[in-house]
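Take a look at these structures.
After this come two complexes, each holding chain A, first together with chain B and then together with chain C.
What follows is the complex of A and B.
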């Protein structure tokens, strides 16, 4: 029942997105714009400052992710459909998991575009250790989306939700973003600093376990008025 | 766990939002077959009462019992017995009527192949089943939302202003539907400002104002005069 509910929510969000393409296009447009602006600012004569690519990758993920979180839950506010979901005889944390999986899929698509774009514009060797890169991106994205999905759901009825979401989200997810940046920078070092990258993947995994567990635990009481 | 009940009771229920008292020590009960009208001016606490009955909010103090069990003990299994049609329609405008109903049918563990077509027929939307809801009139959305709320055959049916945006014919259809639900053993609780419509439809009238229960009585004709007398006197 739990995973079936999560799957139904994910499938519904996917069906809406296929029809509107609203969240996907705005997220990708914002992420690409962000990277292009940094590229124009930092890349001189084909050379970018050391580790800039790592920071810019995670800034683009965090900013475009915040935009996507807001838009995804705006949909549930219109028509108060979030209340209809909460009224369903399904475990309420399953609704959270469905929404989280949707966010992960969306950020995954954004990263598929961002990573080659940054590698090209900043001449960054992001693909030198593809498995480690996947580990760092996966670990960081899960941690960021886990907290973001919880906060976006909590704020769905708040009047100033667009302002409150980043104010609440960034301080809590700073450890994840730092982990993502340092782990990615370790991959860009010459030679690649594999032990550091593996250590950051471990730290990010620990954050993910804590954030996902806390979110599952608090979702129902936080969503009940 | 299967849950069923034939009565709902609110025992001294209060609900505060910060310093504001939305409900203050409200006690009432409703049984299978009842159509209970919740009447009162704007901000009286009708929607808060409906939200608490729907388990979407918890009382600050007091208890709600479904049959002889409190809501907290029944959990998710209770929610399959509750249907809610609120002022907002709980529909996804980007999806078609069929997709909306199929999604909620599956969420309630129903087979969409056996439930969705019947619901579309009841809503009078069989020929618009694959059109997106964003293209529907308010009345069409309201009919679809009604079927969505009743898809799983709930025991406790909660309506918050169900007649908004409906033409006379549609109002008649919804009123007949409410009577049929009550005759079938459902407990219907209806928050409305439409006194003329409630007159003759409901069999119990609960008047609230400022979060306090003013009266809970058997419905008689002349509801508007009674409402004026009580609300004006309060």
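What follows is the complex of A and C.
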């Protein structure tokens, strides 16, 4: 029942998204714009500083992720469909898991584009340790999306939700972003600093466990009117 | 608590008057000298903040799951007091850092995460202020996540090698320094507890007033 509900929510979001591709295209475009803006900010004499690629990657993920979160739930609010979902006789945490999986899929697609793009533009050796890279990207993205999905869902009912989402999301998820940036920077160091990368994956995993547990625990009372 | 409030307030006032004398009489630290004495204010401020955060986090969880209004009042009080003492810590820290490190601020894990913790509770207050109806629940969720981050901030100095002194400093203090330190910690913790109760009392009065207004409107 639980996994089935989550799966149905995911499939519903997927079906809506495939029809218009609205959130995906805007998110990807915004992510690329972010990369360009930060590239202009950091590049000097045609050369970017060593660690800039790691920072730019995660800034692009965080900013475009916030945009995607806002857009996905704006759609739910517009059609009053979140209320319908909440009225359904289904376990509430399952709805959260479904939404979270959708968000992860979206951010995953964005990263599939961003990582090669940054590797290409900054001559960053991101693919030298693919498994560690996947671990860091996965760990960081899950932590960010877990908190983001919870707060975006809550904010559907709030006034001035566009402002409040980044205000709430960034301070809480900065530890995860720091973990992502430092972990990626460890991969870019020459020679590759494997022990630090593994340590950051551990820290990211710890944060993911805390954030997902807290979100599952609080989603039910938070979404009850 | 109501009866004990006034006497305790006097006790705290006396403690804050006595503390500077105790601190002045404590021996100088061998390498840092006079500037080390800021430690007697800096660390207790963070202790007070952690306690206020604890109150805020627990009260927010109670409010979220039980819906008791008084728990919400405790959460707000905790967050407000946490922000105030966090600010004390963030001001006294750089004053010390300027002498000990030669710079006001370092992007060290403890400093960064402590600033972050302060920001989370400022965000909490902003949500309450500008969130409109239903913001209490949003704020409660923020507080729960913020409280979950607090232990990480405290332990960060032991996980990483940071320029900030680690938590080992306090248990290894000389008794001549430990005494004044324990005294000022107690004073700060007592002060934060009193501030929280005073703030909750104010919130209770506000609730009563709101009820009276409603009753009055219904009558007329």
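A few comments on the model shown:
Methods note: the second predicted complex is superposed on the first by the 220 of 225 C-alpha atoms of A that agree within 3 Å, B and C clash if a C-alpha of one lies under 4 Å from a C-alpha of the other, contacts with A are read in each partner's own complex, and residues count from 1 in each chain.
The criterion applied here is as follows: contacts are C-beta pairs under 8 Å (C-beta built on N, C-alpha and C of every residue); 3 or more make two chains touch, one makes a residue touch a chain.
Being a predicted model, the structure only gives us computed values, none of them experimental.
Residue contacts after overlaying the shared chain place A:178 against chain C, while chain B stays out of touching range. When the two structures are aligned on the shared chain, A:83 is found in touch with chain B, with no touch to chain C. In the superposed model, A:31 lies in contact with neither chain B nor chain C.
Look at A:151: by the touch rule set out above, it reaches chain C but stays clear of chain B.
Judged by the touch definition given at the top, the superposed model places A:20 against chain B, while chain C stays out of reach. Using the contact criterion defined above for the overlaid structures, shared-chain residue A:12 touches chain B, although it does not reach chain C. Contact with chain C, but none with chain B, is seen for A:159 once the two complexes are overlaid on the shared chain. Comparing the two complexes, residues 225 of chain A contact chain B in one case and chain C in the other. Taken together, the chain A residues at the contact with chain B in this complex read 1, 5, 8, 12, 15-16, 19-20, 75, 78-81, 83-92, 224-225. Within the complex formed with chain C, the chain A residues making contact are 147, 150-151, 154-155, 157-160, 163-164, 167-168, 171-172, 174-175, 178, 210-211, 214, 218, 221-222, 225. Here chain C touches chain A in the complex through residues 64-65, 112-113, 116, 119-120, 123, 126-127, 130-135, 137-138, 140-142, 144-146, 148-149, 152, going by the rule given at the top. Within the complex, the chain B residues that touch chain A are 51, 54-58, 76-80, 82, 84, 86, 88-95, 99, 103-104, 106-109, 132, 148.
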